[in-house]
Amino acid sequence: MTVNQLVQQFSRSGSFGAGRLARACDIFEHMIRDRECTVFLSLAGAVVPAGLRRVISDLIRRRLIDALVSTGANMVHDLLEAFGGHHYKGHWAVDDTLLYRYHLARIYDIFVPEEHFVEFDRRVAELFEELASQVRGSILPYELMWEIGKRIDDHDSIIRASYETGIPIFLPALRDSEFAYAYHLHLRRCPQNPLKIDTFREIAVMVDLARRSPRLGMVVLGGGVPRNTTQHVALMADKSIDYAIVITMDRPETGGLSGSTLEETVSWGKVKMRAEKIMVIGDVLIVFPVMVAAVLERLGKDFRREHRIPVRRC
Amino acid sequence: MTVNQLVQQFSRSGSFGAGRLARACDIFEHMIRDRECTVFLSLAGAVVPAGLRRVISDLIRRRLIDALVSTGANMVHDLLEAFGGHHYKGHWAVDDTLLYRYHLARIYDIFVPEEHFVEFDRRVAELFEELASQVRGSILPYELMWEIGKRIDDHDSIIRASYETGIPIFLPALRDSEFAYAYHLHLRRCPQNPLKIDTFREIAVMVDLARRSPRLGMVVLGGGVPRNTTQHVALMADKSIDYAIVITMDRPETGGLSGSTLEETVSWGKVKMRAEKIMVIGDVLIVFPVMVAAVLERLGKDFRREHRIPVRRC
Amino acid sequence: MTVNQLVQQFSRSGSFGAGRLARACDIFEHMIRDRECTVFLSLAGAVVPAGLRRVISDLIRRRLIDALVSTGANMVHDLLEAFGGHHYKGHWAVDDTLLYRYHLARIYDIFVPEEHFVEFDRRVAELFEELASQVRGSILPYELMWEIGKRIDDHDSIIRASYETGIPIFLPALRDSEFAYAYHLHLRRCPQNPLKIDTFREIAVMVDLARRSPRLGMVVLGGGVPRNTTQHVALMADKSIDYAIVITMDRPETGGLSGSTLEETVSWGKVKMRAEKIMVIGDVLIVFPVMVAAVLERLGKDFRREHRIPVRRC
Amino acid sequence: MTVNQLVQQFSRSGSFGAGRLARACDIFEHMIRDRECTVFLSLAGAVVPAGLRRVISDLIRRRLIDALVSTGANMVHDLLEAFGGHHYKGHWAVDDTLLYRYHLARIYDIFVPEEHFVEFDRRVAELFEELASQVRGSILPYELMWEIGKRIDDHDSIIRASYETGIPIFLPALRDSEFAYAYHLHLRRCPQNPLKIDTFREIAVMVDLARRSPRLGMVVLGGGVPRNTTQHVALMADKSIDYAIVITMDRPETGGLSGSTLEETVSWGKVKMRAEKIMVIGDVLIVFPVMVAAVLERLGKDFRREHRIPVRRC
């Protein structure tokens, strides 16, 4: 049985999570096939360390999405691997004091050697130094990703795929990641003339992109700042989202943005009243690969989707 | 891509829920292939109304499980369909006062016409009357299911599959279901000589089955009374479970049995210290079909597993 | 600041969980003050081991509730203490294989010595033997609790409080608990003439009680079989619940009864369209004591509520 | 019964959530009484709209915390009220398309008139213009808050309290909030010489503060970027956190930072192996006020805690 056949069964008779997942596959297919839709994929949670790196870079290379909005950490972990590091499969029930002694950082059931971060800091601080002398004014986070992508040679890398395709990676909370530490090192070395990273100006670029898009699609993995930014950009562009998928384990009753319903976003005007929209309550690492596999199967090998609206600095 | 190929990918690189699901598939395969293992499938939550009816009756007919432990409600809904009723695909965000006026009972996004329950009550009360004159002493819940299975003609029915294969359906909380209402009607009609349903004696049958089983496997959907009963039976039989899979959305911190870890069950001696065991945090309606599809693919079409240890009254 | 003062603040300005908790306190107060309301307290999860034993027996002794609907396990743990046993404060992050070796059963962060269960089995099996010779026909679970309550001398015991006040403890899944093991021992000793426990007849008693009650109130801790039974009894009595409070961590999307919304119960006719109703998403061990403390403060020390509608066998 | 008396009961006999909450109160008391501890309060989720504004500004004014790390949105909502706006108590089950038509944005059960945001944008854009001409180089987010605090006259405001006490509000994802829209307006008006907000330089200030602190305490409401930043700052300062409290509904199995255990943070060296630490699983709007009320009662009215380590630009 293929993954899509299973999802088709969910479509016919499945309720609860299965019904929601089947609906998500339909909506994902619709937003990809809609030639006038700009698709934003929004990442929070440790999806890159947990193994979705190639799935996402493949989506970018096949141009099935038009923009990524991510936490800084996911890009850090993309680079750890591009720099030769690894995410090791560990176990969730281990003694963390032991891991600490052996310099292994744990992300649930993944182990990351501390030395990978040291390597990351060294290399990225050097890059900041190099860019500080080249960049006039300030650099925006998505441009920084392109500069990095230009310098790495890893076909599976999300950042490399972004550079090669021109599909931007927006990073509204870039500072909240290991990039902060590299920047901190950089500041100490070049206190006079450091690289200026302007996260605020990136807003205008995102708003401009949304404004030029006839329709907007959003796929949210997890929630957090990347979800909020994506929804807010639509509003700032005087637009509303036409297709929306959220995959999360968070719940609405605590009032947090991550667990808020897509109906709630309608009251804000962020998502259209008549948008195709669904929230799937489940583990991103299960639900997203199932959805992607089912939709790729539907699209077929020869499907080509051209990325039509390039991002532009403004 | 087949479902099993996706799960194999999860095995290699998947973490979090994906890693747990991949492990669950391996354990499910192992317990089925172990010729000396008695497999208990434990059902709570509205899995039958939500569409798993045929998946479960198929597992029974293929003898991939050896016993079912269920809430009463799932058997009620199996019968609703056997009696010609339907579970309609509805929506979760509807006005329940309207549904009430139209006599439609809602189970999340499923609608059930009230008249199906009326029909159920009538038919089952009649059956109770018929059995009251036939049964000496008392009937046990799994025997009641066989008596019902004998009288229905529905190949997809779990109860029918149980009757045809002799694989028992144990119902530790049968009373907490629409069977209670049918019994209530029956009591009013036959106050002198009602059918006696002895739930307590069924314990001995379960314990006996567990005692004669060289090894025990448990697959829990949801949790609740069926999970607790399954685990407790192992203990009462001076055994421990060798293979354990729990699929649930409940969490351990509230102290409830449904969300308790499989490690906790080790302290009770219910699950073996070295058991193959995993808990998958996710929606049963997504996770279980993926697991079953992957394992059926691994087993192949010609796989035959004989049910070796018949249940016996004692 | 008193607990009620804090809740009053929640009433004025609190949203999310705080607003729900404030509403729950109001509804609990209303159902207690309503002289024509029969209040059912429904228990699932390990609330007795976790320390709510005295809170609940006190509610019974003060006649603030009129009936208890519980899992068997909570009554088992009430008796463990009445028989001189203890629930020890442990820790959730311990090695369960070690606990197993030391014969300590773990319930999240509570440790229970295995010997307490051995003592329980011995004593209860003896009691079954004693009752087998006294009881004509069969005994109902709530009557069994009274027989036990008569024989224990523990003012904090829920079962003792039930016996002294005549407030019944209904046990729809009594079999799914350590009582099963005691019964199993009993069956082996007295195979010819064992005590007959009739759980099905208890339904009629519950329905009769509900039918004679002008109004119905329900407070659910957790969910599970006790919640389902309480709601179903209202339906079987051709009534609907007027006041409903559910405290749980379960969520609706998986379709399980425990997490289902109170709106959903309206479609079934179990809860009135215009009932005062609220679901509080939170840990029972925090939320329920806060609610009880706030409402007791509101009622004052001299408040007396007479239990008006006695349960009767039918 | 006072709130602290209830918590004391939890300390003695409470398990599950109650035991965790009792432990959190002890740890919060310890970190406040430790004269060498710098306490970071980390805010995510809509805690300000939901009614914790005065609780938090009071904690700042009483100097019981030393730094705030927040989402931008919470500061936006603090300002909405300072600018004369209100958060209205609504309901979660309303028709969001209706709210959209009436220009009411919903945050779970809170309604916010859209015009409040329009007013916010206008005023903050004006402020940006004013500051653009005054500030040399760039302004850091916490300095921006002080500039705003200087200009508002609202004793309950968190931003005002920060200005008056010098206790900083760090905003690692300031851009992901309505401040972005105000900045966007500002950019269009002053394209040549806009205000430069440097979020990256704020890292150095946080690291410096942590480095000069003999011990570090962390109270996390929710999770997200503010939790990650707080933990990461400790690491960047070559320190580890000594006291840690996390209140959240998120769970660890999905691998997200918000639900990750405090044990996991030990592997990273962010929290000390022997730190006093606890995670309370519950609604922040219930758990945090209970904790604060209990600890304030313990401290007594006359308790004074001096804020010893001032933040400094570096």
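Read from first to last, the chains carry the letters A, B, C and D; within each, the first residue is number 1.
In the analysis below, a residue touches a chain if its C-beta (ideal position, glycine included) is under 8 Å from a C-beta of that chain, and two chains touch if they have at least 3 such contacts.
This one's a predicted model, so the numbers in the text were calculated from it and none came from an experiment.
Asks: Under the document's definition of touching, what chains do chain A and chain C have as common neighbours?
Replies: Intersection of chain A and chain C contact lists gives B, D.
Asks: Call it same or different for chain A and chain D: same when shared residue numbers make up over half of all numbers used at their interface.
Replies: Homomeric contact, same residues on both sides for the most part.
Asks: Indicate the whole-number Å distance between the mean C-alpha point of chain C and the mean C-alpha point of chain D.
Replies: 39
Asks: With centres defined as the mean C-alpha position, give me the chain B-chain C separation in Å.
Replies: 25
Asks: If you average the CA atoms of chain B and of chain D, how many Å lie between those two points?
Replies: Measuring from centre to centre gives 47 Å for this pair.
Asks: Using the touch rule from the top of the page, what residues of chain D touch 2 or more other chains?
Replies: In chain D, 15-17, 46, 49-50, 107-110, 249, 251, 253-255, 263, 281, 283-285 touch at least two other chains.
Asks: Which part of chain C faces chain D closely enough to touch in the complex?
Replies: Chain C reaches chain D through residues 1-3, 6, 9-10, 13-19, 21, 46, 49-51, 87, 89, 93, 107-110, 249, 263, 281-287, 289-290, 293, 296-297.
Asks: In their shared complex, at which residues does chain B touch chain D?
Replies: 15-17, 20, 251, 253-255, 281
Asks: Hey, which residues of chain C end up touching chain B in the complex?
Replies: Against chain B, the touching part of chain C is residues 44-46, 49-50, 71, 73, 92, 96-97, 99-100, 104-110, 172-173, 175-178, 180-181, 183-184, 187, 196-204, 207, 222, 224-225, 228-229, 232, 235-236, 249-258, 260, 263-264, 266-269, 273, 283-285.
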